[in-house]
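There are two complexes below, and they share chain A, which is joined by chain B in the first and by chain C in the second.
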Partner chain A sequence: MSDSGHGQGWLGWLDRRYQITPLIEFLRHKEVPKGPHSMVWYYLGGMTMFFFLVQVVTGVLLLMYYQPGEATAYESIRYLTTKVPFGWLMRSVHCWSAHLMIISLVTHMFSTMMLKAYRPPRELTWVTGYILFALTLGFGFSGYLLPWNKLAFFATSVGTDLVKSVPLIGNWLLQVLRGGPDVTANTLYRFFALHVVILPLAFVSLIGVHLLFVQRQGMAPPLGAKVAPRGMRFFPSFALRDLLLWLVCFMVLLVLAVFVPYGPGIPGMDWELGQKADPLAPAFPGIKPEWYFLWEYQLLKEFPPHLFGLEGPQLCLLVVSLLLGIWAIIPWLDRQAQREQPSPGFSDFGWGAILFLTFLTLKAWDIGAMEPATSGSSLKVISRTCAWWTIGAGAVIIGIRWLLQSSRQSSPPSASR
Partner chain B sequence: MRIISSFLCPVLCVSLAAVAADEKPGVIPEKLAGLFAAQGKDGKPTITPEQRTYFDGLNDRLKALLIKTVEAEVITRPEHLGTILALGLRPQKMEILLQDNCILCHTDPEVQKPETLLTLSPAPGKTPSHLNLQDFVDDVHFLRGLSCAGCHGGDPGSDKLEHSFVKEWPSAGRDKDRGWILSFCARCHSDSTFMNRFNPALPTDQLAKYKDSPHGKFLLEARDARAPDCLSCHGVHGIRSAKNPLSKVYRKRVPETCGACHSDAKRMAGLTLSDGSPMPTNQLAEYRASVHGRALLERGDLGAPACNNCHGNHAAMPTGLSSVSQSCSLCHAGNASLFDGSKHKQAFEEHKWPQCAKCHGNHVIAKTHDSMLAAGQESLCNKCHQQYAKDNPECNATATYFYTSLAQMDQVWNEFGVTADRLAMKGLDVDPIHDKLNELADSLKQARSHIHSFSKNDFQRAADPGEKAVLGISRLVEEAKAEYRFRQLGLVTTIALMGLVMLALYVKLRRLER
Partner chain C sequence: MPENTSNQKSTRRSFLDLVLGASSVACLGSILYPVIRYLKPLPRAGGVGPTRLTPEELAKLEKEHFVIVPVSGKRVLILQNAAQEILAVDAKCTHEGCTVQYLPGESVIWCACHNARFDLDGRVLSGPPPRPLPKYAAERQEDGGILIVAERRQSE
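And then the complex of A and B:
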């Protein structure tokens, strides 16, 4: 292999020592499937990874100044953003990149779902992606507390309180998560450890496995393509396009970081440092988590205090766990996709999930509630009505599609002609 | 002796009761059990579960006292027992109550008429306030063991009604001429030895001060029935410490208590001030609209003065005092000191003007503003000087100088405040700007205070740090704007460079795919 012609150049030098020819040959022949579908979806994974790399780089730079501790966390971030040259830029890019990474990751996951790219033999690629998504949310949750400001402190108190609803071990789990009964410096230390050591190690390991799977199996071809369609060469065509997209993303990041340094100001997407956390101060009204947790926050509010003999939060947790569980094993549930057939039911499930999450998030935002001229109660009525209409319309669409699909499958072939 | 005995009596009774309570603990005698088991017309127990729980929580001594009261047939009806238990008193108070036959009798609806029944549910507007049982047991005197007999006389331990009570009160005309009330209360409250046993911090000169006040003179000398006595302000039963928010003399309630008489035009008719002018009745309304009234009554700021903080309480406006302006200096010491050192001090004294009140008013003290110094309609300086000091043009120039300086500093403070907020939203470090803004605000406050010196030099000394701060803020704002321009320039340069790299990549890609 080492004699395959890399000659005396630096590739030859490397090949003689590390036998890289098979890798180069693999890259040379690797192709990305082309078809009638849009190629856009194939770039989302790479885009997510780019944002993760930005997170790593800016995170390391922030780490050089950040000092975890009740008396130092807030102060060090304040010092970083006000006194350290370009410290403000690092923090702003880190925060923006975190949000854009989640947007990109969610879009990647839903595109995979809609294109049925999870079908065999890529079930484990879906599962590793699913775990990566969970780890990303963990990054968001643990990183939120680190500035030790007022909003982060109370949002973490409310957020961690939810684990109490886990049957039997809820209270124990809460103690483990917080390092005590309340959110204290102990919570800060363990969230710091999670954010900069445990989660990155797990994430990097898993991303390696995820990429290995993608490289071994290639990118999923369009559904129904029995013969792999003619593809685009991964290197250099796809890779250069990827690089171009990364540069665009980087530009967008910089523009956002400079012009909107503290986020767009939407609840859950705002990282102005504000005041230092004061555990003795009363919690202020209107505490909301980051936007990607808003759906669950709203769902908790929608549940009555007691239902079917269970506490509301417990039942909510059960429903969410059930839905997330179903989401994780979709590759095994979608039998039609396994047979390379369209599975509109699962597409509808995906659309339903998008509707469900969007509706809850929008409702949690209380659109327009910050306008003093409009009364809160009328806004609630509007938002509730919109919500019910969204659910109703979604259910009707899903139902009609389901019926149409069933009738097509049950009708004899002659009838269809 | 009577007073002392009324205090000692409960102690003796407690001892006796302790002996009487030598019964089997936990066993409820038949009579009491019967009261507990009694049912109303609706078939429900008259004694509520909460009342029963309260009884069960009583210590053995109190239970024994209650049992003794029931056995002695002082309490014979479940409704009566329910009233006593419903009070939910602490042990110390319950012990006093259970040994006081006056209260026990006067809480029995079967024995008492409405005009003598102490009740827990007074009819609004009908039941006199002194018959409110809850108020009675919350009275500061009751807590210290001074119950009915302390004022009314009689023996609370006796189960017979002896008409020795109220013998210390005037036998006739005591409602018309209420002067006796003062000396009656003063039996204890002017006795420092006696009062020391209960509250050493409480003064004992109330009567002496009262006698020297217009209130005292009206009541004791002019025999004017409109004048207030002790009860008018402190209440009858239900007298509470002045620190208690329910007290009529609690700071937040003082304006309302004083205003009850002083806002009553009918009551004030014919009364005059020391200068002979009719007694006004708009003080309460003016006070409510003033900075002090809003601070105390709306914001609940207990540091703000009520009527008595300026006028005194028992010695409200004593003889020889024509103005309470001096009391302003108790809080506004800095301004008062500056005024005392100014040339206006002498002028005001010559005209016998009340110092602060001349410009700021008395009850209707409004929030001050810089235009009070300006040359316009709202100018206070001009108004006086046109009338009394026309030939001093430099005074008007000084006022204009004050106004111009203050207005400029105020404008700069407001404008830079807005600028700082805008810069903060752009992610710039505005802490140094805020520090300087605080310096400016401090200086502005000092300069406004130094108006009272009426001296340009004094004023300027206070305003100098502010003017320096303005220069500092201007420099910092310019630096912040420059920093933002640098950021924008850096961004544009970076994007341009990246654009070039992207263009090169694109060209390379096209060549490769050609």
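And then the complex of A and C:
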């Protein structure tokens, strides 16, 4: 039996009943690989989970006042933020934490991509992480409608309308998503169910699987090192560092939530309640989704009305689905990383994705932000200039990297990741 | 003989497998079908046919030169052009479904979401919409009221 190590204390009591010694031994010997690369990337998953926990706690608190419904959703949020003691703080923390969670999740995903941590045997960790990322975007999208204000109403109209371009089942899917042909109170009920029940259940289950994979396999060592040269003890060294980082995150979150309670006000990061949604009012200048959807919003604008026999939005959906599909199966595509060799082509694909998203996001800063008569506004000029500089500088850097790569390949073997 | 028995056995087993598989699929189908039907909402109930503008809507039309009203479950933009004619088009942008508006100064219909422009007959002037806005028949009646006929005509 395994009651040897823990004697008569509470651990011993538990061990005699549930045989927890192997678990304790596992945790005692668990190590985080140390290598030539920075360890900072290993903390991002935990950081994302911290923000998710904050979302759960503040979400439950918000639920105690929020009432979904055409006549109550907007009113209950207004009551919450203006009358309920610290109601504004709860909403502010929930909104800020959502944005910070997405920032840390996107950074976590791109760092995994760049370090090729998805390579065997961690393919399914990548896939579960990818689905968690999709669920997080679903959280953001469904939560955005809940205050039932004008901005949310039109952002949801645009976002859900894209679904109709899905072949064969597009119209059915659109009606199921909206609870009818248009965005109405039925959409609000469905999004509420998604945001507070369906997505959390799916997310918590999947995060369990993701963490189980990480625990079973450990964190990915640097590329090329089958066995990490040195390791850091998970308990207490890494766990305490994790805890310290969570504390820093909490401080940053609170400072932001208290001093900037309605967001910095830049496009896509502004959660002033504004006016109540009116389905019979026209879309107003300045309408935009949250910053992490701006790229898609802009991409929809970039496509011409018709191309290759398809309508613009259909082609847009096809391109986005194709790119996201490739992103999901990268572990199986990257043959070099499978052999523990550097795969600069996939690094460039990652950088390309970053440039593509940054370019579209920067470019999107002008859309809807102006009256039709002021289409040459300085905001538009600045955002477009920044966008083109980003893509230009990125292309130059990737070009130089390829030149260096090829010149290095002609002499000694490459050591680049 | 033993060979025959094993053949019979495998036939019996594969038959049972087939029955089990088919009944599992049927069982799954009988669970999924009601759920799928449940998820798709019923068509919206409401009046179908000509719609008359209310006094409030008429007042808004006079003041802002356009008003958006529900007609047979659709949003319809009623506008009064420079020549005082009444025109009606579907208010749902054909690009991504935002609600359009009339800009009297420029005599165009505009969608704020992706900066699309249409002429007053609903034809696309610029921007990403793939199709024109469907047109409705609108007529001013003798008593000054405005009647919108739910039948739609394509602009092109």
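Operating definition for what follows: the second predicted complex is superposed on the first by the 366 of 417 C-alpha atoms of A that agree within 3 Å, B and C clash if a C-alpha of one lies under 4 Å from a C-alpha of the other, contacts with A are read in each partner's own complex, and residues count from 1 in each chain.
Simple rule for what comes next: a residue touches a chain if its C-beta (ideal position, glycine included) is under 8 Å from a C-beta of that chain, and two chains touch if they have at least 3 such contacts.
The model shown is predicted, which means the values in this text are computed figures rather than measured ones.
Novice: In the overlaid three-chain picture, which partner chain does A:217 touch, first (chain B) or second (chain C), both, or neither?
Specialist: A:217 sits against neither chain B nor chain C.
Novice: Now for A:358: first (chain B), second (chain C), both, or neither, which partner does it touch?
Specialist: Once the two structures are laid over each other on A, A:358 reaches no partner at all.
Novice: Tell me the contact category for A:205 with respect to chain B and chain C: first, second, both or neither.
Specialist: neither
Novice: Identify the partner contact of A:241: answer first if only chain B is touched, second if only chain C is, both if each is, neither if none is.
Specialist: first
Novice: Just chain B (first), just chain C (second), both, or neither: which does A:284 touch?
Specialist: Touch partner of A:284: chain C, not chain B.
Novice: Figure out whether A:321 sits in contact with chain B (first) or chain C (second), or with both, or with neither.
Specialist: neither
Novice: Who touches more of chain A, chain B or chain C?
Specialist: C
Novice: By the touch definition above, which chain A residues appear in both interfaces, chain B in one complex and chain C in the other?
Specialist: Common to the two interfaces on chain A: nothing.
Novice: Which residues of chain B touch chain A in the complex?
Specialist: 425-427, 429, 431, 487-488, 491, 494-495, 498-499, 501-502, 505-506, 508-509, 512-513
Novice: Which positions of chain C touch chain A when the two form their complex?
Specialist: Listed in rising order, the residues are 39-41, 44, 68-70, 73, 75, 77, 91-93, 95-101, 103, 105-106, 110-115, 117, 124, 127-131.
Novice: Would you pull the chain A residues touching chain C in the complex into a rising list?
Specialist: Residue list for chain A touching chain C: 154, 157-158, 160-162, 172, 175-176, 179-182, 186, 279-287, 297, 300-306, 311-313, 367-368, 372-373, 375.
Novice: If we count contacts the way the header does, which residues on chain A are in touch with chain B in the complex?
Specialist: Interface residues on the chain A side: 81-83, 88-89, 92, 236-237, 240-241, 243-244, 247-248, 250-251, 254-255, 258, 261-262.
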